[in-house]
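Chains: A, B, C and D, in written order; residue numbering restarts at 1 for each.
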Amino acid sequence: MAGNPIAVIVAVGPGTGASIARRFASAYPVVLLARSPENYEAVAADINKKGGKAIGISTDVSNESSVNAAFEKINQEFNGAPIAAAIFNASTRPKRKSVLELSVEEYQNGFDVSGKGALIFSKAVLPGLLEHGEDNPTQSPPTLIFTGATASVKSNALMAGFATHKFALRALSFSIAREFAPKGVHVAHAVVDGAIDTPFTQGFIADWASEASISSDDIAETYWNLHQQSRRCFTNEIDIRPMMEKW
Amino acid sequence: MAGNPIAVIVAVGPGTGASIARRFASAYPVVLLARSPENYEAVAADINKKGGKAIGISTDVSNESSVNAAFEKINQEFNGAPIAAAIFNASTRPKRKSVLELSVEEYQNGFDVSGKGALIFSKAVLPGLLEHGEDNPTQSPPTLIFTGATASVKSNALMAGFATHKFALRALSFSIAREFAPKGVHVAHAVVDGAIDTPFTQGFIADWASEASISSDDIAETYWNLHQQSRRCFTNEIDIRPMMEKW
Amino acid sequence: MAGNPIAVIVAVGPGTGASIARRFASAYPVVLLARSPENYEAVAADINKKGGKAIGISTDVSNESSVNAAFEKINQEFNGAPIAAAIFNASTRPKRKSVLELSVEEYQNGFDVSGKGALIFSKAVLPGLLEHGEDNPTQSPPTLIFTGATASVKSNALMAGFATHKFALRALSFSIAREFAPKGVHVAHAVVDGAIDTPFTQGFIADWASEASISSDDIAETYWNLHQQSRRCFTNEIDIRPMMEKW
Amino acid sequence: MAGNPIAVIVAVGPGTGASIARRFASAYPVVLLARSPENYEAVAADINKKGGKAIGISTDVSNESSVNAAFEKINQEFNGAPIAAAIFNASTRPKRKSVLELSVEEYQNGFDVSGKGALIFSKAVLPGLLEHGEDNPTQSPPTLIFTGATASVKSNALMAGFATHKFALRALSFSIAREFAPKGVHVAHAVVDGAIDTPFTQGFIADWASEASISSDDIAETYWNLHQQSRRCFTNEIDIRPMMEKW
């Protein structure tokens, strides 16, 4: 018999991914995927210490073999458990540069994560999400969430690479949403419009006013609420910004 | 001293409005505005019986004097209480007809509600929302939610009237959102895409499958979650549809 | 027998409307509608002097009787001629103000033009456009163009009124486009994003660089090209901006 | 001294590409790029026979070395001529399949063309476009056009691959448009919404009514008109559909 449903989060770092991991760990064992163990070890330890259950697996989400190996481990560890929630939070960082300076390699690297990585992850989690949907049609339907950015809907000058990858991710999210909604899987795309308050961003934004940045814990709470929506109330896209953001 | 914060909902009927009223009544005294008392009396009685506090006021939202009179009553009844949440749920019904058959009067009537009504309501609640924001900056910032429809983002053939009014409402919502976010007011527009399961719609949709319709209670829960978002995580637009909806 | 096809333009002033009138006058007799004769007299005289044919009719586009009276005159003057092109170029001016300062009357006045006026004009011209389509299915199908603005797609703070009216106009345009395309009428909405170089704007924009503004003659040429599109290549929305515009 | 300005078109086949090549050949020597010579040979011969000038170069647009080699040939052949117009018309074909059946390889192949190919082509043509802009600031500013599809703005179920690639292309187009407009380069993205009437599509669409399909010659004419727009009237996005198309 399959185990209790789990949540799978990629990628986990010190910011949004960690907050999402903690929030979903209050209800499910969580699997944390990231390329480098240093990105998930502290979060996993913290969750386990507080009575939750978390495991981390070093995974390159842009590499199908790496992801498949991770999911074999997950199936063994959790006895083929269904997946209640899967969060795709991986991204490259935005870099401003002229399209004339943008190398094909860098352009491809972004697609490796936001395009191929998102597809590979989706294909890996959808069977487990579908299984959870069959077990549990009404309460907290299986949920797949993709984290987007301002660049998911606006492609500014000097942001050709980042915007391409984020537009691509949004397209993938919508197509999966439309294909799998009738099968009970809730797919949502979040346009995270603004800087997220993480150790990383705190370093380079001067005069950081809290209301000018998004709280990663609040993103996690919003994702949790998306997961709580019933089959009769699916939100497929949501925007998120701090009160001081211009849009 | 001002009273405890309240929630104000227009329009209340047997469907979404009633669900929203019940949900927000779990935290606040609620004021229910609708043209006809028969639209709010049963809901208000039910809330009061269950230990909440609800009053209904017969109001024509498209008429500034009527709305101002209602808010005078509200201020008296609740001792000038700030407003924690205001929900604009008024609408005309969609009617399919050629633009050649659409009378100027009918076209104006829809704007009276979704345009002028929404402006009049917004002007009436914003001072109370701003006041609540000053008292209570971080927990459940003051929230103004507008209920839109598929026609808010797609203007189909034979739907010129309804789409005009819903596009107009969305424009108003976004402008208010951008103006008042820096002052701590959270404004959200909901694209409710699909039929809502109400006594009215149950009558004309044959073979009603629950997963083909939106639950009004679930809309209310989603609105409540929008209200719970912090100043560091405002969602300004959300879509809502049942799992079987094509989009 | 009906006369040769005509073009009808509302509203005509010294800027875009005059340029459109001159451009379409190279192919059709043109009818210029504006509230005040001073808005069309010089343009009409200029067209007539140069060998074209233009008449102006003082018309309040927001008033159905006034528009109907104008079209009676048009039918008499042109012997019930079909309409090859109709351009809705009427608008109120954008004004920045808080939604708290926006009066219901001002809000209604904008809708009188961009909402009701556009509907009234559309209902008046569609029969003549349909007639032209039957006569002339392939060359320059009958064309109805609506002039929008940045505010047609973005509703900024302090622009609630203008954006509401422009969103409304866009909704009307799309619904008419979808209803009448299968009948051979080409309907297009132009998002004119930027300041237009007219005597009026020249007055208040300092250091006017020509490439920072849109040429009204170039808008007219673009509208003309829309009119030249065949039934097998309808453009329903187009954006227009000068090369220096940020968007 | 540099030669007269040229136009460069990728990819050229029997449909849209050939029509565009013929239209731009009326004003410029044209370079036709396609993977297989059989795709451009007949068109080039036809243009040359009729007094125009066309050369074809076998090029894999997704391969940077192949594109660079092609542009070395172009520079030799045309003596370093500036580029008046560049049209990116390459695409993979849409294929309906579940995201679960969509291989990473196929997903990558589409990005090779619509993502990497579009970037490689843009980087190759932008220097020549900028040069033309300096020579010729006002008449027919240098123009870069990308051909998109319905899937550029709507990501349907079973179309995850095609939509991803087309969303990506649109993002690239907008970023380049915003970066290079202030330098006088006109970049436009065309949402071609509907089947194009080509020898290929005629084969699989039964009961082909001409008004249900887009004419490739008419697309070419619309692209030509975009190219004619002045620096004071840039259109950055346009949609194109036949009159019978639902949208």
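Here is the rule we use: a residue touches a chain if its C-beta (ideal position, glycine included) is under 8 Å from a C-beta of that chain, and two chains touch if they have at least 3 such contacts.
What you see is a predicted model, and the numbers here were worked out from it, not measured in a lab.
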Quick one: point me to the chain whose Cα centre is farthest from that of chain B.
D
Averaged-CA centre spacing for the pair chain D and chain A, given as whole angstrom:
34
Indicate the whole-number Å distance between the mean C-alpha point of chain A and the mean C-alpha point of chain C.
46
Chain A and chain B, separation of their C-alpha mean positions in angstrom:
31
Return the residues of chain D touching two or more other chains; collapse runs of consecutive numbers into ranges.
178
In contact, pair by pair, are chains A-B, A-D, B-C, C-D
Complex contact set, residues of chain D against chain C
141, 178, 181-182, 184, 186, 197, 210-211, 213-215, 218-219, 221-222, 225, 228-247
Under the stated contact criterion, what part of chain B meets chain C in this complex?
64, 98-100, 102, 104, 107-108, 111, 115-116, 119-120, 122-123, 126-127, 151, 154-160, 163-168, 170-176, 178-179
